[in-house]
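Listed after this line are the structures, all set down as structure tokens.
Shared chain: subunit A. Partners: subunit B in the first complex, subunit C in the second.
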Partner chain A sequence: MSLELLIDIFLGAASYWWLILIATTLGIIIGAIPGFGAQNTIIMLLPFTLAVQVDMALTFMVALYVASHMGSGIPAILLNIPGTGGAAATTIDGYPMAKKGMAQQALVLTFVASTLGGFFTAFIAIFAIGYLARIAFFLHSVEMVVIMLFGITLIAVIAAKDPLKGLISGIIGLLIGAIGADHIYSAPRATFGFLELYEGMPIIPALIGLFAISEALVMLEKRSMLTAEGRERMLRAGWRETLEGIQMALKRWTHILWTSLIGLVVGAVPGAGASIGSFVAYQQSRLYSKTPEAYGTGHPEGVLAPEAANNGVASGSLIPLLVLAVPGGTTAAVMLVVLSYHGVPLGPRLFVEDPGLAYGVFATMVLSYLIMMVTILPMSKYLSRVTLVGTTILAPIIIGFTLVGAFSPRAYIFDMGVALTFGVLGYLMRKTGYHVVAMLIGIILGPLLEANFMRALRLSGGDSMVFFSSTIGNVLWLMLLASILLPLYSSWRRNRA
Partner chain B sequence: MSEHNKDDDGDTDDRARTRIGADLIIPVAGLAFAGYYLWSIAGLPGMAQFSGRFLVAVLVVLVVLLALRMGTALARGEAEFSFADLAETRKTALMRWGVFALAIGFALGIPYLGFTLSIFVFLLLSMLLLQVRPISRIFIIAFCAAAVGYLLFIVALGARLPRGPVETFLAGIF
Partner chain C sequence: MDRKTPNKSTTRLTRRGLIKATTLGGAGALFAPALVGRALAQDDFPSRTMQILIPTGEGGGVDRSARAFNAGWGEILGTGFEYGYFPGAAGQVGYETFIGRREPDAYNLLYGAIGPEMIMYATQNPSYTFPDDYVYFGGVNADDVVIWVAEDSPFQTLEDLIEEGQSRRVNFSGSRLPHPASIAVFLLAEETGADFNVIPYGGGNPARSAALTGEVDACCTHMGSSLSVADQVRFLTVFQDENRVPGLTNDALPVNEIMGTDFPELGGLRAFAIHTAAIEQYPDRVALLKETMLENFESGRYDADTLDQGLTPEFNVFVDQEACTRSAMEMVELANRFEHLLRDG
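Let's turn to the complex of A and B:
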């Protein structure tokens, strides 16, 4: 690509700065409300995106999409409630930071990691889009099974203090994820007779129940979610804390870059998504950390890694859409509908016939991150004040609005019941030392793992050796084995020392 | 083994690693669900049962290991069988489960009252129950939250939320 074309593309995207500003503001808000993901909002705003010019529609959708990825980290830190599955890993270290009165720093870490990670991966995508698109050709069911198993191993990492309970939570999650019609015969399994469960366990209501409802129920035990020391710190907090957060993040800029690359690669694999990308990045970050024991206690790197990856996924998931016309996720699928309506020739032809539009997507991303950096960073000081609100006010607001979020994706009252049921389950889990995050990983990965597992087995005629039949698969197996054995080896060395 | 002081992600407090009992609720519920799952797939062809059977087998092994760990701790006198982890004062129980009951009422009432009115009523009653005072503060918070929700979800986003008398009335005006 020539420099002249690149400048033209950026200038074209910049001419819509006002639209990017509106879309990013809206995106951050909807990303922060569990249940109101970018895909729902783009669907709701279809009359707008279908009516305007295609480049305008695309700019709006892309800016809203990337902003929603960033927004989802806000409630994860402030309230222990991820806005989307992609921010679930952020709760592990983000919320403990908030409880210590470091919500402001944690929010700044999120914003810097998101913008820097997203900015970097969008740039990489512009130049490496052709290569990244080919990733999808090399990853078949067998490789996907190993990638999913990577995700499962995270359960053991997250539940490091009691792996047995973590694994029990994760396996129950996988079993819950296997509810619904089976992938071959479409026979309903464990649906309790509810037609609403035929398509599987809805993830958003499960997430809302496990995180939001249960957190609100636990929250009521205390007047404030902050520790006494944390409250003192929050009351004294000013602009200095924002600068401290920026400093913390910039000191770890290499960490942000390599974890965002994990997100980019995972995002480029159709169907993988932000939930897996952010958890894999968290696990890898912990694996190569000099202080793995600090993870889960409010460690800055535990916030940076999943957030950088979450935004890397945003860049990656648009690559298969543009190059192969295969949507990388649900939001990309909605975008596909809008672009098809406008008659945009997706696939390799797009890069020949209208390279400005194709590369413009990533230019819009870069500009969105720049605009968000300016608009959202100063907000961290005010957003963090949410932690000072009493639990008797916060808990009903959380329950009320997240229940509406559970209803929103499918418009079933049934889904509000699902959220309440998972709320009680999550409450019992928290009170007895089981991990809601491990269960969520199981619920998210369960259907994906099963679908790929069964597909691979069917294609091989039932031969289980198919899982060791590809070179890439075998390399991934070795990496998986290393990610299990390396922490054990490090722990053994530390004990010896 | 359980612990009665732990943070929200299950971090344990070493001082209190003595109570087991409540820890069994999740595994027992998991096993009950696993049993139901197996029953529901009993008539399916072998390949369709494979993943379910595999997961149930792993779950059973893990629960047996947990039970063995608990049994050993009980035998050594390092733990006591108790459900005290779930114990709560009458006031806390009333507040927590009262709000939960109101949430069930909110879910059941939303198709009839619509989003705006039902969230207003839910927030109002919940904060009354949780003894937020003064009462005028409760009204202001509930009203503002319902108004913001209406403007954001229904006016700005056009979300498919249940419409009720308030939405119908406001749609007639604007």
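Let's turn to the complex of A and C:
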């Protein structure tokens, strides 16, 4: 690509700065409300995107999409409620930071990781889109099984302090994830006659119940969600905390870059998604950390890794849509509808006939992150004040909002019941020391693992050696083995010393 | 597992039900003018908004197709359309909701794809019965089954693929196993003795991706959704008597022309359905719906609205109630015939 074309593309995208500002603001808000994802919003706004010019529609959708990824981390930190599955891993360290009165720093970490990670991966995508699109040609069902297992090993990490309870939570999560039609014959399993469970346990209502409602119930037992020391710290907080957060993030810039690359690679595989990217990035971040024991207690790197990866996925997931005309996720599928409506020729033809539009997607991303960096960073000071609100006010608002969020994706009253049921389950789990994150990992990754596992077996005619039949797959197996054994070896050495 | 007894679906297609479905339709058409006159004089139908239940997601092909047709139809009827989306369980959630919770008053209609949804009916044991509880009274859009390979595939023709399947297992990606596209592959395998294996990917997009990225040898799917990747693939055949869009599909020939077979046409005819009770209680309303539906189809407006929705007008067809019922029953029969391949165990 020539420099002239690149400048043209950026100037073209920049002419829509006002639209990017509106779309990113909307995206952050809808991303922060569990259940109101980018997909639903774009569907609701179809009359707008279909009526305007295609470059305007695309700019709006892309800016909204990336902003929703960033927004989902806000409630994960402030209230222990991830806006989407992609931000679930952020709760592990983000919320403990908030409880300690460091919500402002944690939010800044999220914003910097998201913008820097997203900015970096979008830029890489501009120059390497052809190569990145090839990732989908090498990561098939077998390889995806191993990648899912990276995420699932997080259950063991989370369970480190209480292995039995952690594993029980994870296994129950995997079993819940197995509810619904089986991935080959579509035969319903454990649906108890509920048609609404035929497609599997709905993730958003389960996530809302396990995190939001159970957290609200726990909150009600105290007057404040903060520790006494944390409350004092929050009351004193000013702009200094924002600067401290920026400093904490920038000190770990390499960490942001390599974890965002994990997201980019995972995102480029059609159907993989932000949940896998962020869980795998968190797991890898902890694996290579010099202080793995700090993870889960409010460690900055535990916030940076999933958030950078989450936004890396956003860059990656649009690659299959543009290069192969195959949407990588649900939001991209809605974008496909809009682009088809406008007669945009997706696939290789797009890069020949309208390279400005193709690369313009990533230029819009880069600009969206730049604009968000300016608009959202100062907000962390004010957003973090949510943690000072009394629980008697906060808890009912959380329950009300999130129940609507549970209803929103499918518009089934049943899903509100699912959220309430998981809310009670989550509350009981928290009170008895079980791990809701471990259960959520099972619920989210379990069905994906099973689908890829069954598919690989069917492709091979039932030969289980298929899992060791590809070079890339075997390398991934070795990496997985190393990621399990290395911490054990380190711990053994530490104990010996 | 809750298995249905063999041919239960066939027995549910009762002779009484079939006669009712076709004769009600025939009678409706025969007496339409008189009934319409009465309807306009006595009933003033439609006096409020029509309710369309879509058993798939908002913004999908079925939704857009319904909106394309209803833009003109609403003007002729002098009313608007309101949409409700009930995706899930391969359409079963939508159908159960329609039959169980929607008033049979001819204001409530369902718009769905006959092919995949009748296979769902045959394989998933729903609580309703076709055609005793509902009938399709008019099809307006078709999406045919096709088989294609990636552009760089070594298989140039359908015969190449079959020949390969006679020496090794050939994998096809599909969206779901209980689907007309899977039946198309099973028919081919049965006819040629080829070892064809359908891998369900849980949706059209992942299925296309698997074939494009080389995880499988070929893709069996709907034509309409495959046109977005047309410049990266080679269409080998279409399961229809005629290829509706030869120019967009490298002139792929119909399967029966290539093979000299007599395979049924396979695809997803999109049609409006209504409660059978509504046909019995409000024949005048149904007659008016049918008459205006045909009027809209013939006006040429529908093709223009289809283009506006970014869809392909070549797939617009008009299929009356009898033909819809016949198509639905053929699909149930095929699903029963291949039940051992479509269902576990």
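In the analysis below, the second predicted complex is superposed on the first by the 497 of 497 C-alpha atoms of A that agree within 3 Å, B and C clash if a C-alpha of one lies under 4 Å from a C-alpha of the other, contacts with A are read in each partner's own complex, and residues count from 1 in each chain.
One rule holds for everything that comes next: contacts are C-beta pairs under 8 Å (C-beta built on N, C-alpha and C of every residue); 3 or more make two chains touch, one makes a residue touch a chain.
Here the structure is a predicted model, which means the values were calculated and not measured.
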Which of subunit B and subunit C A:Arg458 touches, first, second, both or neither: both
Partner chain(s) touched by A:Asn80 [first = subunit B, second = subunit C, both, neither]: first
Partner chain in contact with A:Ala411 - subunit B first, subunit C second, else both or neither: both
First (subunit B), second (subunit C), both or neither touched by A:Ala187: both
Which of subunit B and subunit C A:Tyr434 touches, first, second, both or neither: first
Dominant toucher of subunit A (residue count), subunit B or subunit C: B
Which superposed partner A:Glu215 touches (first subunit B, second subunit C, both, neither): first
Touching partner for A:Ile399 - first (subunit B), second (subunit C), both, neither: first
Intersection of the subunit A residues that touch subunit B with those that touch subunit C: 182, 184-185, 187-188, 411, 458
Touching residues on subunit B, where the partner in the complex is subunit A: 2-3, 6-12, 22-23, 25-27, 29-30, 33-34, 36-37, 40-41, 43-45, 47-48, 50-52, 55-56, 58-59, 62-63, 65-66, 69, 85-86, 88, 92, 95-96, 99-100, 102-104, 106-108, 110-111, 115, 119, 122-123, 126-127, 130-132, 141, 145, 149, 152-153, 156-161
Subunit A to subunit C touching residues, read off their complex: 43, 46, 136-137, 140-141, 181-188, 195-196, 198-199, 270-271, 320, 324-327, 333-334, 336-337, 340-343, 345-349, 410-411, 451, 455, 458-459, 461
Touch list for subunit C against partner subunit A, complex: 1-2, 58-60, 64, 85, 87-90, 92-93, 96, 123-124, 169, 171, 176-178, 197, 199-202, 205-206, 208-210, 212-216, 228-229, 231-232, 309-310, 342-344
Touching residues on subunit A, where the partner in the complex is subunit B: 26, 29-30, 36, 40-41, 44-45, 80, 91-92, 95-96, 99, 159, 161-162, 164-165, 167-169, 171-172, 174-176, 178-179, 182, 184-185, 187-191, 213, 215-218, 220-221, 296-297, 390, 392-393, 395-397, 399-401, 403-404, 407-408, 411, 413, 416-417, 420, 423-425, 428-437, 450, 453-454, 457-458, 462
